[in-house]
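Each of the next two complexes has chain A plus one other chain: chain B in the first, chain C in the second.
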Partner chain A sequence: MPITTGFIQRLTYLARIVCVEVGPDPNTTELFFTEFATGDAEQELGMKKSLARLLFEALANGFPIRISHGVSSAEINSAAIGGFDISPIGHAVRNDAYTISGSGIPDDVEVVFENEFTITTVTPDLVRPHWVMLAELPGSVSTGRNAVRLQAPSFSSDEVPIDVVSGPPIRCRVLYPGAPKPDPYTIAVIANPMLELEFRNRFSSDPIMTDRDGFFARVPYVLNNLLNVTEDLLRQDDIDSLMRFVAVFDGVLLDSNDANSLVRLNPPNLIGPRKASFSSFLGRYSEKADVAFAVSGSSTHTRASANLTTDDTTAASTTYTYDSDGFEHPHFYDEPGVATLSLFGVTTGLTPLHEFGHAASAWPTGAVLDLYVDGGPTSGALIVNEKWRANASDSIPSVFGTYDGTSYNSDQARDSLSYPSNWRSYHPELIDPNRPNLMDNYWLAPPGTSQQCRLDKLTYDWFSDRLRAKLFR
Partner chain B sequence: MEPLHPSDREALKRAHPGLTDAEIDRTEELIAEIDELGQVGRFEEADELRDRLSEYVRLHIPRYQEVMREVAVSRGDEVRRKRPKPRVFQKDPKRGR
Partner chain C sequence: MAQTAGLIQKLSVIPLSNTSLACFWVGPHPTSTELFFILRPGSDSASFGAFKNSMVDALTAAYVTRQEVTLSHGDGSAEIDSLRLEPS
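Up next, the complex of A and B:
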């Protein structure tokens, strides 16, 4: 049975007949029709109504259509909207963030918007093989019907019709939907509406709420730090294609109250996450997150910090052994891991990924701690990436520990930094011994190489299994 | 917690002549200790230590917040500065593309 594919250039409704002209342009078309005949059975009539609705949808949205018809007949037997190899996500709002999913997208891709008058080409702020992000859909793209495509020297996608509007901006934008299931592993980036001041229970508006552009410029920086630096924890085997990413900027949250405050100012310049507020805050937008970042525009308090996940130890889990003891990677959480980031944070380091390293770990079921301070052991909790000697003068054991039957050596030298003589703590062997651990002071890596710092071998394997347990729940 | 950036450390020392690395390190230890107490829900102990930290900073690094604000303002928003501009091509309406 012949199939004709093309765009519907014109649709007319004549008494009981729906006619469509299909072709690449208005001057090159073929005419097809469907007729609501008086003798049609109820089922056949229902199918034809659905067909007519599909034709209207294809015309209204500019989607290509595949029409099946007889060899020498213009009567439509069936029709289907043609697929595209890319998919714009969410409404196209000028000066708002915009994302497009696809597959096999190369690093050098550009996003092209085209309409009758202009072609606007934009370099994405984030590129992954399965999606791209623009921090801002350019104001130079006209409102109304446009076509969007991805192009690179060795890559070209379909052209997808989109309707660009001038506003209002989306309050909670799904950047990438992740695995199609009820509880995909989710990472949220939120503009913090209210700051809790150093004196508790006093609130003031966070300056970031007057800087939507700054926030959305910071979002792809955060995601690039998580997904595109040398440490591949979150992108190994493209596991990030299963993760959901959302961004929230809600400019109408003006109430100075507890529920709108995700960040507390702590002395001397720390921005601390108010962990208890995150779940209910995201719930307003029907979102949940395993890990959430709150971005603050405070200029006095700029130093990022995190609070660890509280796992749900009553639900499903994946068991493992650490040294000789049995533990579990819980698949769900009671409270998400949370972290803060500053609008003024230095961007040449690994702050978002470092804070993710804390937030995505859990207290007391598996904590990943800072390695640039000595700290000390805490009973009743599993510390994954740090152990302590009885005395600072004791030698560091050659074997750090055993995870799931595999033995891991200790980092005898703390890469190039060396352990201070009064420290009792020691760490597992590094993946890259030439640079500090991602959870150590990455600013002290050789100049210009902070973003090449990686985890230690044990923590990498433990974290990979923990993420997989949650991704495949 | 984000480690102290070397340029922030230098800025603190410039603004407080005589301030030593050891004094900054002591501040860092207190901050880290408070952070970890907060992680494990020991909020009262964290609050007590926060008072000690505030006192220590008041004595040794009194312009801490002011210096950090100056650094933040001078640094600005690095991300926005680096973003490439879109390229816009006006079509000739008579000739199409």
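Up next, the complex of A and C:
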């Protein structure tokens, strides 16, 4: 059955017949039609009505159409739109974030917007093989109909029609939709509307709410930290293609109340997550997150922090053993893992990924703790990445522990940092013994290499399994 | 009842004399999709058939406006029973 593909140049309703003229320009077309015939079955008439709607949408939005018809007939048997090799996500709004999904996208890709007047080429702020992000769709892109494509020296995508508008910006933008199911593993980055002041139950507007551009410049930094530094926990085997990413900047949340506050200012300069507020906040936008970051623009309190996930231990889970005991990776959560980030945080380190390491772990069902403090054992909670000797003078055991039947050695030297003589804690063997653990003081890595720090071997394997248990729930 | 959420990557409308059909490919990107469909057999009542065509039209609009959709379908079935859209 022949198929004709092209743009609809004219759509005509005339005497029970809907006609389309398809071709590259108005003077070079072929005519096709569908007839609402008196003998047609009711269901066929209904679908012809939907077919006419499809033809109209293709015309109105500039999509090429594929029409299937008889060998010597102009009557439309079926019509289809879509099938491009890239997929713009959400509305294209100037000066707002913009994302496009695809496959096999190379690191050196550029995004090209083109219409009859202008061509604007933009280097994305985040590139993964399956999506790219622009922190801001440039104001130089003309409003109205454009064609967008991805291009690189060794890569070229289809051109997809989009309608660019000047506003309003999207309050909750889906950056990448994730696995096609209602509850994909989701990471949210939120501009915090209100700060809870050090004196409890007093709120004031977070300065970030006057800096939308700053927030959306920070989002790709956060995502690059999670997905594109040396530690590949979240991108191994492209598992991030199953994760959903959303960003929220809601400039109309002006009420100074508890529900609009995700960050509490704690002395001396800590921005603490108000964990109980995150789920209901995201619920306003019909979103849920396994891990959520709140970004604050406080100029006085800038130190990031995290609060661990509270797992749902009553729902489905994946079992494992840690040393000789049985544990579970719960597939769902009661409360998400949450973290705060400062708009002014230094971007050469690993703060987002480090805080993710805390937030995505769980208390008490599997906690990943800071390794730059000695701390101490906690009864009733599984600490994954740290153990303690009875006395600081005791030697560090050669074997740290066993995870799911695999034995893991201890880090005898705490890489180049060494354990202070009064510490009782010790850690699992590092993946990269030349740099501090991602959960340790990564700022002490050789200059300029903090973003090369990785996890220890045991925590990496434990976290990989935990993420997979949730990704495939 | 299972649910699938995502972006429509492609759609096709096929009027036929016995049972008409509309197909929708849904997923996060064009090479990661699942196929779903809406069937319009002649045995449908006029009101149920109109409802189904209304869903086809909504999905068509969702595609051209890049709106995410959530489809409900039977376990192990690709036939769309209902759909949900959220504001963006």
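Some notes on this structure:
Just so it is clear, the second predicted complex is superposed on the first by the 468 of 473 C-alpha atoms of A that agree within 3 Å, B and C clash if a C-alpha of one lies under 4 Å from a C-alpha of the other, contacts with A are read in each partner's own complex, and residues count from 1 in each chain.
The rule is simple: contacts are C-beta pairs under 8 Å (C-beta built on N, C-alpha and C of every residue); 3 or more make two chains touch, one makes a residue touch a chain.
Because the structure is predicted, anything quoted here is derived from the model rather than measured.
Of the two partner chains placed by the overlay, neither chain B nor chain C lies in contact with A:471. In the superposed model, A:229 makes contact with neither chain B nor chain C.
Contacts of A:304 after superposition: chain B is touched, whereas chain C is not reached. Using the contact criterion defined above for the overlaid structures, shared-chain residue A:214 touches chain B, although it does not reach chain C.
Once the two complexes are laid over each other on the shared chain, residue contacts for A:20 go to neither chain B nor chain C. Touch criterion met: A:182 reaches chain C, while chain B stays clear of it.
Of the two partner chains placed by the overlay, only chain C lies in contact with A:81; chain B stays clear of it. Contacts of A:133 after superposition on the shared chain: neither chain B nor chain C is touched. For chain A in complex with chain B, the residues that touch the partner chain are 116-123, 125, 135, 138, 140, 213-214, 217-218, 221, 266-270, 272, 299-308, 342-347, 349, 351, 354-355, 358, 363-364, 367, 369-370, 372-375, 378, 381, 440-444.
Chain contact summary for the complex, chain C toward chain A: residues 3-23, 25-34, 40-42, 44, 46, 49-50, 52-53, 56-57, 60-61, 63-66, 68, 70, 86, 88. Remark: chain A residues 34, 40-44, 46-51, 53-54, 57-58, 60-61, 63, 77-91, 101-103, 130-131, 162, 170, 172-174, 176-182, 184, 241, 285-286 touch chain C in the complex. The residues of chain B lying in touch with chain A in their complex are 1-7, 27-29, 31-36, 38-40, 50, 53-54, 57, 61, 64-65, 68-69, 71-73, 75-80, 82-84, 86-91, 93, 97.
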